[in-house]
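For reference, the structure discussed in these notes is given below.
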Amino acid sequence: MNESSEVRNVMVVVRKAPHGTIYVQEALEVMLIVAAYSMNISVVFLDDGVYALKKGQDTSELGSKPFMSAFRALVDWEIEHVYVDRDALKNRGINENELTEIGEDENTGEPVHPQVLSHKEIYKLMQEQHTILSF
Amino acid sequence: MNESSEVRNVMVVVRKAPHGTIYVQEALEVMLIVAAYSMNISVVFLDDGVYALKKGQDTSELGSKPFMSAFRALVDWEIEHVYVDRDALKNRGINENELTEIGEDENTGEPVHPQVLSHKEIYKLMQEQHTILSF
Amino acid sequence: MLHIINKSPFMNSALEDCMGYLGSEDIVLLIEDGVYAAAAGTVKSGLIEKLLEQNEVYALQADIKARGLEQLIKKVKITDYEGFVDLIEQHTPQSWL
Amino acid sequence: MLHIINKSPFMNSALEDCMGYLGSEDIVLLIEDGVYAAAAGTVKSGLIEKLLEQNEVYALQADIKARGLEQLIKKVKITDYEGFVDLIEQHTPQSWL
Amino acid sequence: MKLSVVVLEGPYTHEASDSAYNLIQAALKKGHEINGVFFYHDGVYNVTKFMEPPQDDRHISRRWMELGEKGIDIVVCIAAGLRRGIVDKIQTSNVRISGLGQLAKMILESDRVIVFGD
Amino acid sequence: MKLSVVVLEGPYTHEASDSAYNLIQAALKKGHEINGVFFYHDGVYNVTKFMEPPQDDRHISRRWMELGEKGIDIVVCIAAGLRRGIVDKIQTSNVRISGLGQLAKMILESDRVIVFGD
C-alpha cells in the first residue's frame, strides 16, 4: 500500500506547543523508541510545534521535567531527519538561529541543525510515509 | 469583596462545543447541583457553547449519553437565568428558534426560552458575579 | 492522503493549518467537533467551500447527528464509520490533532 | 475582572473571544500556553498591542521562562505566582478555557 | 487491511476513545484485521476496572475488555501508565501493559495506523 | 483572602494541575487561606496513589497529599471519579471523596474561586 519496500517510513508530526500539555513530551518518547526499530523516521515540527525547539527554555520555576533538553541529542538516537516549517517560524517571529541544534555530526563534531522547509517540501515528505503519528 | 450581601451570584460559562469533550456535560452537572444551594445562579453560553442548546442533537449513533436533553428542563432545577450570546449564534448561522426551550413556566405552562443577549449585556452580568465557573 | 480534522473551526486552527498541506488528490474527513466546519451559512463555511474547489470533503454522519447539524455545505459527502474504514484503506491517514 | 488566558493565540481563539467582553478596568493575565501571545514580532502580537491601548496585561514569569520567550511586547507586565495571587485578591477571576 | 489504532485521550473526557472504538467495530464488520490498539498519553485511562458510569451511559473499559476477549491485542503503554498511576492491578482483564516498542511493532506489522487524540 | 481552587485536568497531561499547585503555594506563602481544592473532570486523576513518574520529574499526587497533610481540604468529585474508575481505594491519603455539593459549599465559604482547566 506504499512505495517503500522494506524499511518503513514513519513520520512524527508535532503541532502543539510544549509545556501547556504533555503532547510534545510524550511525542519525544515515541520518537526515541520508534527510531530504535528498523524504520526510516522523520520528525516534523509544524505550527506551535516549532516552539518545542526554541533555545533557552527553562522549566525550573514551573517544577516540571526539562524534557526538551533531549531534543539537543536527537542525532544520538539515530533521528537525523528533523524538519521545521518555515512559515510557522516566520509567523512566530522566530529566527533559525533561535532553534536548538539536534546533536553533532559524529565525524566532524559540527553541530547538526534541524532543516527548515516550506509547506510544499514538507507535504512531499508526508506523501512518502507509511505511517504518520500526530501529536 | 463584592456587592451582593447574602445570596451569592454564581455564573457558569459554557464556551466549548458538546460531544467532542466532556466539558459541557460536566458543566451541566455542576449547574444542577450548585442551583440546589442558596445561590443566584446564571448560565451563559458563549462561542461554541451555544451549540449545546441546539435542537435535534441525537447521540444514539455515537453511543454516548444523551445528556443534552437535561437542558430542556433547566427551569425545573431552578435555573432560570440562561443566556446565549447573540454574535456566537450569528457566526454559526443559528436562528433563535433552533435553540431548545429550557423548560416551561410553572404558572402558564408556556415554554421558557434562553435569553439572547449582546456581548455588552453579558459583560454586565459577568461583573456582578461573585464566582465564575468556566467550562 | 486522508487528512482528519476533529476540532471546531471557530475555536481551533486545525482545519486552516491543514489546508496549507493539501495535495489535489487528498481527501479531508471531518469528525468529532470537526464536523461543525461542514455547517452551511456560518462565518467559517468559506473554508470548506474553498477546499471543495479542489478536494473531496467527507463528514462523519454519527458526529453530524450528535450535533444536530441539518444545513450542510453542498458537496460535502456524508459517510458512516464503514465509509471511514474504506477511506483509511485507500489513503494514508493523518490526524491534525 | 481578571481574565485568564491559557491558550496559544496561534491555534486557539480564547484570547480573541475574551476581547469581546472586556471592561476598561479589566485586567488580562496570560498563563500557560497563553504567554505566547505576549511575544513581540509575531503575527498575533497585534492582539495584545490592541488590548494594551485600554487594559493592563500581565504574563506569568514561570511560563515565559519555561517557553524561552525573550522578546516580549513592551508594556506587558511580568508577574510571578505571588503577583498572580494579588491579582486574584483584587479582581474576580474568569478563566477563558 | 491490517489496521492499528492509537488512542491518546481518556474515556468520556474526549470523543477520541469513542471514535476509535466505533471505527474498530466497523473495520471488524467489514472483515479487516485489527492488529492492535495502543493506549498512550491519557489513553491509558481507558481500561481502569473500577469505572461506574451512569446507567444510561456506555461502559468504556468494558467495551475494550470485550474487544480484548475477542482476541484483539490491547496494549497500555507502561511509561504513560506509570506516570499516571494506571498500573496493571487497576486495569480490566484482556489488556496488557507493554512498552512503546509495541507501538513500533504495530507500525511494522500494519498496513495502516491511525491516531485518535485531542 | 479565602481561596478555593477547582482543577479540571489531569496530572502531567495538562499544566492546569501545576498552575493550581504553584498558585496555592504562593497564596499560602502570602498568608491566605486555602478553603479547598476541588478536583473535577479529569482533575480526579491528580490523586491516584500508584503514580511513578520519572525520577527527575515532580510527583504530582504526592504534592497534593502533602498539601492535604497540612490540613488543606482536598476533595475529589465522586461523580467524575466513578465514571473514570478513580475510586477511594486507589487514591492517595489526605484527600476525600465527596459530591458536587462540596463545590457549592466552597463557593459559599470563599472570597474567590478560581478554575484551572483546558
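We just call them A, B, C, D, E and F in the order they show up, numbering each chain from 1.
The criterion applied here is as follows: a residue touches a chain if its C-beta (ideal position, glycine included) is under 8 Å from a C-beta of that chain, and two chains touch if they have at least 3 such contacts.
Since this is a predicted model, take the numbers as computed values, not measurements.
Asker: Determine the shortest chain-contact distance, in steps, between subunit C and subunit F.
Answerer: 2
Asker: Can we say the copies subunit E and subunit F touch using the same residue numbers, with more than half in common, or are the two sides different?
Answerer: On the two sides of the subunit F and subunit E interface, the residue numbers are mostly the same, over half being shared.
Asker: Suppose a student superposes the Cα atoms of subunit C on subunit D; what rotation angle should they report, nearest 5 degrees?
Answerer: To bring subunit C onto subunit D, one rotates by 180 degrees.
Asker: Look at all chain centres (mean of CA atoms) and spot the one farthest from the centre of subunit C.
Answerer: F
Asker: Write down the chain pair with more C-beta contact pairs when D-F is set against B-C.
Answerer: B-C
Asker: Which chain maximises the distance between its CA centroid and that of subunit A?
Answerer: Between subunit A and every other chain, the largest centroid distance is to B.
Asker: Quick one: subunit A and subunit F, Cα centre-to-centre, how many Å?
Answerer: Computed from C-alpha means, the inter-chain centre distance equals 34 Å.
Asker: Report the inter-centroid distance (CA atoms only) between subunit A and subunit B in whole Å.
Answerer: 42
Asker: Take the average of all CA coordinates in subunit B, do the same for subunit F, and state the distance between these two points in whole angstrom.
Answerer: Centre-to-centre distance between subunit B and subunit F: 26 Å.
Asker: Centroid of subunit A to centroid of subunit C, CA atoms only: how many Å?
Answerer: 27
Asker: Which residues of subunit D are in contact with two or more other chains?
Answerer: 6, 10-11, 13, 17, 32-33, 62-63, 92-93, 95, 97
Asker: Which subunit E residues reach two or more other chains?
Answerer: Those would be 1, 8, 12-13, 15, 22, 41, 53-54, 57, 111-113, 115, 117-118.
Asker: Send over the residues of subunit A in touch with two or more other chains.
Answerer: Residues 1, 15-16, 19-23, 47, 62, 64, 130-132, 134-135.
Asker: Taking all chains into account, which pairs touch?
Answerer: Listed in label order, the chain pairs in contact are A-C, A-D, A-E, A-F, B-C, B-D, B-E, B-F, C-D, C-E, D-F, E-F.
Asker: Which residues of subunit E touch subunit B in their complex?
Answerer: By the definition above, subunit E touches subunit B via 12-15, 18, 21-22, 53-54, 56-58, 118.
Asker: Within the complex, which stretch of subunit C touches subunit B?
Answerer: 6-8, 10-11, 32-33, 36, 39-45, 61-63, 65-68, 70-71
Asker: Flag every residue of subunit E that touches subunit F in the complex, lowest number first.
Answerer: 10-13, 41-42, 45, 48-54, 57, 61, 82-87, 89-90
Asker: What part of subunit A is in contact with subunit C in the complex they form?
Answerer: The touching residues are 1-2, 13, 15-16, 23, 46-47, 87, 119, 122-123, 126-127, 129-132, 134-135.
Asker: Can you list the residues on subunit B that touch subunit C in the complex?
Answerer: 15-21, 47-48, 51, 54-62, 64, 91-93
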